[in-house]
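Each of the next two complexes has chain A plus one more chain, namely chain B in the first and chain C in the second.
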Partner chain A sequence: MEEALIILNAAVSGMFHVFSWPVFPMMMIGICVGMFLGLVPGLGGLIGFALLIPFALAMEPITGVAFLLGMSAVVTQTDTIPAVILGVPGTSAAMATSLDGYPMAKRGEAGRALCASYYASIFGTIVAAGLFILLLPILRAVIFAFGQPEFFMLILLGLMLAGSLAGNSLARGLIMAGFGLLLAMVTLETSIGAPRYAGEIIYLWEGIPLIPVVLGLFAIPEVLDLARRGTTISATTVDTRVSGLWAGLVDNLKNWWLIIRASTLGALAGFIPGLGGQVAEWLAYGTAVASDKDPSSYGKGNVRGVIAPEAGTAAQKPGALVPTVVFGIPGNAGMALTLSVFLIFGLTPGPDMITSKLDVTFGMIWVIVVANIIAAVLALVLQRWLILICYLRASILVPIVLGTMLTGATMANQSFGDVALFLCFGFLGYLFKHTDWPRVPLIMGLIMGGLAEKYLFLSFDLHGATWLWNRPLVWVIALVIFLSVFFPPMLRHYRAKRHGKAGAPAKVSGVKVSGYDE
Partner chain B sequence: MSGARIVDIALTVFFLAVGVFAITDVRDFPFQDQLFPFSAAGLILICVLIYGARQFITGPLEIEQETGANATKPPFTREQIHTVIPLAVAILVLVVGVFIFGHLIAVPAFAFGYILLRGEKLWIAIFGAVLLFAFIWGLLINVMEVLMPRPLIMDWLGL
Partner chain C sequence: MARFFDNLTLKGSAAPLAASVLMAGVAAGSMTMTGTALAAEPDFTGKKITFLTPHRGADSVLSLKTWMKYASKNLKGNPEITVQSKFGGGGVTAANFFAATAKPDGLTASMLNLPAFISYSVGRKGVKYDISTMKVIAGEAAVYVHIAGKSAKAQDASGVNASAGEQSFGTRSRNFNVMTAQILWRAAGSPVRVVTGFRGNDTVIQALASGELNLGYIYMQAWMRNLKNYADLNIKPIYQMGTLDAAGNIMRDPLIKDVPTADELYLKLKPNAKGTQDYKALRTAMSMYQIAKGFFLPAGTDAAIVNAWRTAVDKGAKDPAFIAEHTKLFGFPLAYVPWAQASKNLNDGLATLKEPYFQPGGEGYQLIIGTRQKKKK
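And now, the complex of A and B:
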């Protein structure tokens, strides 16, 4: 009973944080930026994170986090608009939605499809928030069993999962994660007063700054490709009238059980590092098809094919937030960047975030829920004008985004070294993107490397080498790493050998779309 | 051998070199400062060797290219490289411009020139440049009081 009261109290305090000054107006600005980024195919939440982080760091911690989460929460909501009306997903997380949303639009039900998707996003985040509340007592009990060695192993698990699930090659993913870890170690080693991997370059003695690397790795390739395509979407005449408000709501209410299942799967996909929005939506779409009496109606304009992926993608956001704040394992690259902001703000993931700072954690969950509701209302009201943003020509968009990015890259250190780094990683990012080397594990390695080294150092300092065999939880996590990362390819190899075929690498989803999964 | 395959091999060799450098660079450090770099470099080296051996024995791993309405063709054919080079040069011009003239001048000037060269109307180019100038000068320098790096031209002019 006392536990329930503590949780309820924190939940209410968290809601007050969201509506306090200046948290709410900053969250609104974040929402507007996120809506814009979702609408323009080729951009996305990760570019938004990289652009907004320098601004967020100038704010109070809660305000800055709300600003960023408000942006990231709504990117996957407005990406539905081009997906449904034009058949072109704004981000990779709206692919499944366009399968049924676009046929609905073609038969004059665009309003119904969009309204159904907005409500599904709202319900998805609410279900995910509910799951968090239900799981909270268990998390609170579990977290206290963790010490430095367990946290180190958890980071290892997160990195290994991210490396194995992003892209189609385990080796490439792990190499990129390792590269990210090495980049995190570039610094002046204060204990011996010698530079580590930094040589005589004084700029690198304080470590490799995150923003130029992220902007270079993710934004330059997208902007280059956007410029090469020449246009975001070719102009066509479309019906942008908002109709079907009630039909969309009724569709959601009729399919409440589907929403709960899709949201649960989405939250789970968010919880597991490396999966992300694209997998969440395909899992949710899959459950809608599998549970329907008429699977052949999917792809032809079945509203359940819009509701399920939208609920799944929306639920993925709070789902990814939980391991980030509780265990320090980000569920995806966006959350990895959020984690880096937490660390700069002095919000260390761990027991505090679900005990003394539980209100802050709730505040973040509510930001995602409230941002989704506000974005849905704004999208309904402004839909007719928002669609025009999809037609912004690359010749206008590219120099503005590029200029903003280059300026954003320099803001952290106010150094030309940032510009050079931005260019180097832009070149590497472009090669990585087009040769299928996953970039997300690299970023996660760079962000989590510092924490991992700290935990490893403390583990040896406090326990010697005994923590490797004395602590059962370390063994449990090691077993999970083996079963989830190394066992599946071994099993595939064994099966392929048995059947006399070359083992094809497994794919998390059968589709690779342009852009990237945040 | 395709362009993508050559880049893939070059990246594999690059990571091999990174792994070897990472180990040799910290070999004189105390054990606890070596431990984590050695582990990360070891992970890279083991995976690079497995990846390289697999490429050699079972043939190259498929490079999955983008699909969907929003996809861009891989930039490794002669025809596609020609679409990348002007853009890469444009980015380089922007970066060099920022080094020499600073963000406040180079970024709006770049936007103005790019938009105009791409065949847009003059007022759109002016609007883009003014927008970026307002962003850097108004929001960043005046409101947020961000210190921009000192451009080289200031030193050259002795300012």
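And now, the complex of A and C:
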């Protein structure tokens, strides 16, 4: 009882930090910057950190931290906007959202999809904050229960889910994921740092850069099709942009159990260092599809396909903060930069952060929660105009979008290689789109290939082959992979046979998510 | 004159003594040159200077930006110095870019890191720069602490012995820290098993804390800032790489005086090993970390410009306001190495790396870079 009061007291003190002067106005500035970075495909949180850290360091520690966390917390909220409106994920963490969000926009439900995503983000962070409170006593055991083999299996799960859920065919999805894995092999080889498939092209030594590939694969095909059609994005002339506010909330409330499950998975993925938003997103999307009576509706504009990944990705943010502040082990690249800033500010990570400095930790978590709420309100205000993009003529929209995407693609490296990759993958993306080869698994393979390789080699180097049979968590995750990826098509095949449809060609597929890849 | 000093190389066992004599001469020469340069001091008024760095981490870039703010005050005209990150290729991207684009007008400078020096020395593919012709203007040292996780049999320096058995040693890729661990533990009779592929310090710490990994290493400043945290995770220091004094002796870093150096432990295990190749390799590792970062102007830069820069960065580094600001930001002062010492350390190191021991096929090459595993026929 006494412990609960201490936690409650720290939670309240943390909330006071957030609304104190000048923490709140600085957080607001951070939020505005973060919203802009999420909105423009190709930018994102890491660029935000690079831009804002010099300003943050001139502030008082808690103000500076709120400024930076405010920025990073909302990037994944506004990255939904291009994912839904244009079908182009603003960051790689919005790919699953675009699978169902873009089809919704096409049928004139962009407002509903966006509002559903904002509410899901808010609920996701709240659930993550609640989980943090609940898990405080066993946090250490949870975080250190995972080793390299479990990391590898979780990466594999994320990859398999992406391969099986994004597209018409399980086989095609897995082939594209394999193609992505092959692309991820282009880098410096792990053990001796020698170039692998990169030759003397130093541009490729750090791997094929993700942003030009994502933007090329998704933006160019959509823009070309739009130019060819010469119409607007939305196929309907009925403007439903105002109706989304209420409909999005109702969608969330109806799916409260899905939100809790997706957020829990997202927060747990955040607790574990090195996994990141993409895994959280696909675990959440996977749970939505697996628990739905009509899995075939995903990819065609099922709002649950928007809610689950948004809640998962949002919950991952406060989740990733926990190992960063408690153990000094950053959960992702953004948190690594945040950790540097914490240390510069004299905020030393450690067990103190969940004992004597618990109010500061709560302050950070509340910043993420409050930032998401504020960003949602701001986005709702802006939405009225943003959705107009769906109703703009192609002749106006195409050059603007192409220019923005090209700028975004080259922003990080400022290299001609970015332009070449952008165009090359744009061509491939167009081919893939029109021949029904899903593009999302390719990106997931590229993102997770490097991680999967490292964790696989580390697993064998540290544990030999024994990790394959003597680690219970590995078996649990393997079972989840089987049940979520391979079992559903097997079950459908069996049912079809049982109902006398065995004569029809038995197409072994995933959950038949058609997606905008159709 | 400056080029002569830049390219001067010391070899053999007389190096420490010769180094002391040389340092005195260099210092005198430097003062003379500074005096000469003052007469024709280059004017940077209204100019914009770009300082390249191969790093993109907040700490490293911020440290350089802060330093350059003070260096600018000591360049005539107080030019604006912009720090630009050219990340990639283990430092080779920045070095190649610098060599290909920088004009010898003092308006472009670059930090190059140790992996770029190693790549240059062993002639790796893709290297298109020649460090020997670049002008050193300063250096920055790095000290590393080798640490043990809760599952390691050795929990402190006394555990470096034959009873430790085989332990895993985690790292991102092979380097001089790995070489040091391999030589030291081999001497102790408990060879380590090197596990490459960790993403960075954070993942090594996670693996040490979870008990999956036995040994690793960490940048000393990061260790100092997280002391309490790491103690809570049962991670302990075993030995440090140490620093070099002006006479070339390996010393314990004053910030972790109670942690012995690898050199001390090695000589304790093998008191008569000073003339061996292993000991020489160990010393090379330690001295190379004295120039973990080098700061350069392009080849062919006029001596007056080079001197103006050397003076400016030197005054900037020694400015009490800079020391106070850097200490406030990071908790420790910049590990500044003046250009003459940096140049000497670099040339010594590059010369050693050119020896067959560190070239492809040599044992040193295997230890710091590794080789592909050949399939058994």
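We take it that the second predicted complex is superposed on the first by the 279 of 518 C-alpha atoms of A that agree within 3 Å, B and C clash if a C-alpha of one lies under 4 Å from a C-alpha of the other, contacts with A are read in each partner's own complex, and residues count from 1 in each chain.
Here is the rule we go by: a residue touches a chain if its C-beta (ideal position, glycine included) is under 8 Å from a C-beta of that chain, and two chains touch if they have at least 3 such contacts.
The model shown is predicted, which means the values in this text are computed figures rather than measured ones.
Chemist: A:L245 contacts which: chain B (first), chain C (second), both, neither?
Modeler: Neither partner.
Chemist: Looking at the overlay, what does A:F144 touch: chain B (first), chain C (second), both, or neither?
Modeler: Once the two structures are laid over each other on A, A:F144 reaches chain C alone.
Chemist: Who does A:L135 touch here: chain B (first), chain C (second), both, or neither?
Modeler: Touch partners of A:L135: none, neither chain B nor chain C.
Chemist: Tell me the contact category for A:Y203 with respect to chain B and chain C: first, second, both or neither.
Modeler: Only chain C is touched by A:Y203; chain B is not.
Chemist: What's your read, chain B or chain C touching more residues of chain A?
Modeler: B
Chemist: I'd like to know which partner A:P399 touches here: chain B for first, chain C for second, both or neither.
Modeler: It touches chain B, and chain C stays clear.
Chemist: Which of the two partners, first being chain B and second being chain C, lies in contact with A:Y430: first, second, both, or neither?
Modeler: first
Chemist: Looking at A:I344, would you say it contacts chain B, chain C, both, or neither? Reply first, second, both or neither.
Modeler: A:I344: touches chain C, not chain B.
Chemist: Would you check which partner chain A:F457 touches, where first means chain B only, second means chain C only, and both and neither mean what they say?
Modeler: Touch partners of A:F457: chain B and chain C.
Chemist: Mind sorting out which residues of chain A both chain B and chain C touch, each in its own complex?
Modeler: 191-192, 194, 453, 457, 461
Chemist: Can you tell me which positions in chain A touch chain B when the two form their complex?
Modeler: Result: residues 41-42, 55, 58, 87-89, 95, 168-169, 171-172, 174-175, 177-179, 181-182, 185, 189, 191-192, 194, 196-197, 220, 224-225, 227-229, 393, 395-396, 398-400, 402-404, 406-407, 410-411, 414-416, 419, 422-423, 426, 430-432, 434-437, 445, 449, 452-453, 456-457, 460-461, 502, 505, 507, 511-515 of chain A touch chain B.
Chemist: Using the touch definition up top, name the residues of chain A that touch chain C in the complex.
Modeler: Residues 49-50, 53-54, 57, 144-148, 188, 190-195, 199-200, 202-203, 205-206, 273-274, 323, 327-330, 336-337, 340-341, 343-344, 346, 348-352, 453-454, 457-458, 461-463.
Chemist: Spell out the part of chain C that touches chain A in their complex, as residue ranges.
Modeler: Residues in contact with chain A: 56-59, 62, 65, 87-90, 92-93, 96, 125-126, 168, 173-174, 193, 195-200, 202-203, 205-207, 209-213, 225-226, 228-230, 232-233, 329-331, 369-372.
Chemist: Looking at the complex, which residues from chain B come into contact with chain A?
Modeler: Per the touch definition, chain B meets chain A at residues 4, 7-8, 11, 15, 18-19, 21-22, 25-26, 29-30, 32-33, 35-37, 39-41, 43-44, 47-48, 50-51, 54, 58, 61-76, 80, 83-84, 87-88, 91-92, 94-95, 98-99, 103, 107-108, 110-111, 114-115, 118-120, 124, 128, 131-132, 135-136, 140, 144, 146-149.
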